[in-house]
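Heads up, there are several structures right after this.
Presented sequentially are two complexes of subunit A, the first with subunit B as partner and the second with subunit C.
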Partner chain A sequence: MNLFRFALDNLYRRPARTMLTVSAIALGIAAVVALTSIAWGFEASWQRANDARGTDLIVTRMASENTMPSPFRAEQVQQVVSQLPHVQEVVGLLSEMLTVSQDAPPMFVFGWVHGSYLWEHLKLQEGRWPNKSNEQVVVIGTLAGEMLHKKVGDTVEIEGRIFPVVGIFESPALVENGALILTLDQAQQVTDKPGKVNVLNIKVDSDTGEADLARIKEQVKTSLPGFMAITSGELVSKNAVVRISKAMSNATILIAGLVGALVVFNTMLMSINERTREIGILLALGWQRATIMKLIVSEAMILSLVGGVLGILLGVGIAWGLEHIELMRGKIDAIFSVPFFFAVLGLSVVLGVSGGAYPAFKASRLLPSSALRQE
Partner chain B sequence: MKHFVLCLLLGCLCVPPAYAAEPETAASLVALMRQAQYSQGFEARMNVFVTKANGAHPAPMKIAVIGQFSAARQRLLVRAIAPEALRETSFAIAKQANRGIKTVKYRAGGELIGTDAQARLFDTGLVAWDMLNPWWEWASQSLEGKDRVGGRECLKMRSRADEQDSPVREVESCIDVQAGLALRTRLFDGGHNLLRTITVEKVLRKHDGSGSLAKKLNITGPAKLRTDIEVYAGDEEYLVSDETFAVLDRPMRAE
Partner chain C sequence: MMDQTPLLRIKGLTLHFDEGRTKALNGVDLEVRAGEFVAIVGPSGSGKSSLLNVIGTLDQPSSGEISFRAQSYAELKDSSLFRRAHIGFVFQSFHLIPTLSALDNVIVATIGCDGATGEHRARATELLTQLGLRDRLGHFPGKLSGGERQRVAIARALINRPEMVLADEPTGSLDSANAAQVLDMLTGIVKQQGLTLIMVTHDASVSARADRIIHMRDGRIEHEVTA
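After this line comes the complex of A and B, so read on.
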């Protein structure tokens, strides 16, 4: 009988305990998988939205680390930024999270400058785009249409004003698919922020290198006190929600890791206490102390690996479920990858080894003579 | 080495935390509270959810509040966004030179009606008088120690009305000095009956980091009416135009 089979048989001997240990590890791993994939997905979705728009730099307020950067008068800032070298286009954007239907959760409402490059990456599925900057119409993402049960020709009430839906679009970014887009003029009117934007999107020319981007950032900092120019990745990573979700996922990894290791530790310690006599016999039969250690660590690793695999499946299920509940639709776009799953399995192995190390060491130090005397 | 580490640890424990100095007198706290509400212009959009004494909920409301607060001028504009029946009904509220509060109700294009500053706005727990915090102008102010509201420490302050005929004779505030915000405000009448309590549940840091704003609050009373208010959008630098508060200067009829 090989060592692996021997370890398996030992775990089968106490099925209830084995199941409970595996379940505890699986739950911890599931929490890690679900939260991490959601945190990464949230960040990636915003990043994709900015990348898809073709924005190279974003100008916003220094303290804009909240979910929505605070609005500012665009005119003066835009004038300064437009004159910087390599800057090709500067476009304002206003965004708000608003309730547009009592039956749906609050949704993103974007205001984009009519005719600007921001619209270019969207694919019109049905209807048309706004014809002019002051046209009181709205286009909605496919997911927003589904959530609001709206199609072209219907109307949407935004902050007490009625907007006919003239188009339905699809975007590579989930955050835009779940959003409503007005022209900037209309968004400013409906939110009572005339002339204001949350961010200015900068598109630079094709000759611009990393050093040029760094120079633009520096120039914005010096010429516009209180403002900063950052890449979309930097803006996303500074976002309060992204930071909170990442911190939560890191805390979960830490807690799940500690709990998992303790569960394995406890199980293996109970197991070797019950099997002291058996270990004594094995030692008396000539088993090496290293073989006893390998046996106990193998049992711990089998527990944590099975828990890890089940946890991954459960975590994917939880993330998928959250993506599809009405309240969260359009806000979660969980990201999974093969390297991530391997990393999670690696975490499981580490849990197994760290939880099983001391019990294995303790078992290997037993003296056959005293172990055999134990009842 | 052990002694050095111990001294270092003890030293760290003895050093007071670097909090902003707490006001030592009621007058300095009043000055802080007045200063905290000063704004060239702000706008806040809020969801208002009313629960009546019998548990019934009228349709949820959305309102927009525009304000301008300075030592010389304190005025507000409260406009209903939803539901449709109330849309474009507005109240303009201003503190007057005689420290009275002028409240004007109007609909877009309609006539202006002067209303009682103590009346509830839109049948919610919101009262025009409370929104201007006139008790910070009263002469009698006293500090009454510390308390905790929602897990946050605050300084209790009692304000007593100068006029004997004021419908609100006493106001007890519990102020978070760091935030420059009253976490709980209790208003009492002449018989020391509790008229209403305003409790801040969530705060939001101002974008310039100079203090905090109420993000979520509730108003309880009168008659077990509960009003939950949550700010969902806003602009801390709203551009107040000449037209914004123009209704306050136009002739109106009494209610």
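After this line comes the complex of A and C, so read on.
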């Protein structure tokens, strides 16, 4: 028998109440885990796609807040950017979310400049790449192929046009694996945006340092009003969807924290009210007030830690489930990490301590004689 | 040979509740020697249990002086530590914790104390064995008879080696056979270990065993009888 065993025994006394409290905490923690991992995963997935392409800077409209910034005419901007020092290659990219099959949710369709460096990070699994910029063919990611039930030799219909699938590729980025890629010319035609791109990808030479990149950014800003050059990380973190999902995850942390602490507070307050006489006995036996506080806070922490662990498992399950529902496949890639799980357990500890502090204090201040008289 | 030095000194002790409207103790003077068995008797509401609570530091007196081995209660920094070091309580209604076994009900009094868990366990087992509960160690209070529960409470009172045992009607909830057995065991162990016993009782057969009987009425000591 020690303090921890005694705390466990006390919780076991009211199994239904203990289970309900743990469940409430677990649900809150699960919401935190699922939303946060998805928010981070969404951000990381786009970042990974941009990084994998080897893009150093991205030129986009200043007001764009989307992962697919609003399109603009590329020609003039591209000319200006190509003249800047250290710029090795400037290629346009057009992307759209389009319905390509009645049986599958909308999917990303990218248009990339034929023969540009953008294609280099993809691994062809089957078939071939487009042969020329005006060839009306499509290559699809492995996940997209799976979702559309398409293979090399099949066709897909994009905006009323039929495109033969000539290749299936694998990308390190989930968003590309779940996407279809056309040449930029074909993408501009099919989306009726001739000459337009969402972003210009810049590849700089190997001598370029941080200061040079900063200078390029400044030059784009001054020479191309309404445009800016940013890194892929900046583009992603500027993204409205990423910001909203992060804000939602932060709000969930706050709400789950408050609700969790209130649930623990309520449970522990009920518990000490029921056990007033027992606390009086412990005080009469010579338990110090600090030991009474330790007991109550230990009970609160056991509740919140068990809730935290179950919440992590449930949250991982929810995130996994969301990743695999048809509508979300290929679009989110939840990220989990050991430090994140420790942070969540830390949040659980905070819930336990903050929810148990006042009941513990109240219990420790009981007068032994009046507590013993309590029925 | 009983030590003649007063273990406990009480002078002009009062205990008032409800802003002075209820006077539970109204000027009590008492000295108790180490190793003495003192019975406190008197009608209900005479202040017996209130006196025991103040002696046990469960209640703070409104006025007066009380000291244990010349240490004034007013100077105690932590009354819990004092209780743990010097006092063992036995209550009329046992006050065992229902979710703990007999053995754990005794060990629970040692949580937060110095010493290894194994030592506390061994001493608890020894005490319960001495009180005839060797085969009841794992039983929960709900599965024990009234006499057995009170014996567990006695073991719990003794686990921290107190110098003074305060018993509030320890046989009040027991039938006469169990009461006699519990009383025999309590007084036997107390005597064997040389402890001081202050017992509140209504039962004349219990008080008859005491070295001294204190009669209380209206919060005062009316008279005392030495055996």
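Keep in mind that, in the parts below, the second predicted complex is superposed on the first by the 374 of 375 C-alpha atoms of A that agree within 3 Å, B and C clash if a C-alpha of one lies under 4 Å from a C-alpha of the other, contacts with A are read in each partner's own complex, and residues count from 1 in each chain.
As a working rule, contacts are C-beta pairs under 8 Å (C-beta built on N, C-alpha and C of every residue); 3 or more make two chains touch, one makes a residue touch a chain.
Small disclaimer: the values here were computed from a predicted structure and weren't measured.
Student: Put subunit B and subunit C onto subunit A via the superposition and say whether they clash or fit.
Tutor: Aligned through their shared chain, the two binders fit side by side on subunit A.
Student: Tell me which partner A:Leu258 touches in the superposition: subunit B (first), subunit C (second), both or neither.
Tutor: So A:Leu258 meets neither subunit B nor subunit C here.
Student: For A:Ala247 in the superposed arrangement: first (subunit B), second (subunit C), both or neither?
Tutor: Neither partner.
Student: Per the contact definition in the header, classify A:Leu124: touching subunit B only (first), subunit C only (second), both, or neither.
Tutor: After superposing on A, A:Leu124 lies clear of both subunit B and subunit C.
Student: Name the contact category of A:Arg61: first (subunit B only), second (subunit C only), both, or neither.
Tutor: A:Arg61 contacts subunit B only, not subunit C.
Student: When the two structures are overlaid on chain A, which partner does A:Thr99 contact: first (subunit B), second (subunit C), both, or neither?
Tutor: first
Student: Taking the superposition as given, does A:Arg277 touch the first partner, subunit B, the second, subunit C, both, or neither?
Tutor: In the superposition, A:Arg277 contacts subunit C only.
Student: Should A:Pro71 be classified as contacting the first partner (subunit B), the second (subunit C), both, or neither?
Tutor: The first partner, subunit B, only.
Student: Just to confirm the value: shortest Cα separation between subunit B and subunit C in the superposed three-chain model, in whole Å.
Tutor: 39
Student: Can you list the residues of subunit A that meet both subunit B and subunit C?
Tutor: none
Student: Using the touch rule from the top, collect the residues of subunit A that touch subunit B in their complex.
Tutor: 61, 63-64, 66, 68, 70-73, 96-99, 102, 106, 157, 159-160, 191-196
Student: Which bits of subunit A are touching subunit C when the two form their complex?
Tutor: Residue positions touching the partner: 1-3, 6, 9-10, 12-13, 277-278, 281-289, 291, 367-369, 372.
Student: What residues of subunit C sit close enough to touch subunit A in their complex?
Tutor: 53, 56, 58-59, 78, 80-85, 87, 89, 91, 95, 97, 99-100, 103-104, 107-109, 111-112, 117, 121, 156, 160
Student: Would you tell me which residues of subunit B are touching subunit A in their complex?
Tutor: 43, 45, 47, 60, 62, 64, 66, 81-82, 84, 87-88, 204-205, 207-209, 232-233, 235-239
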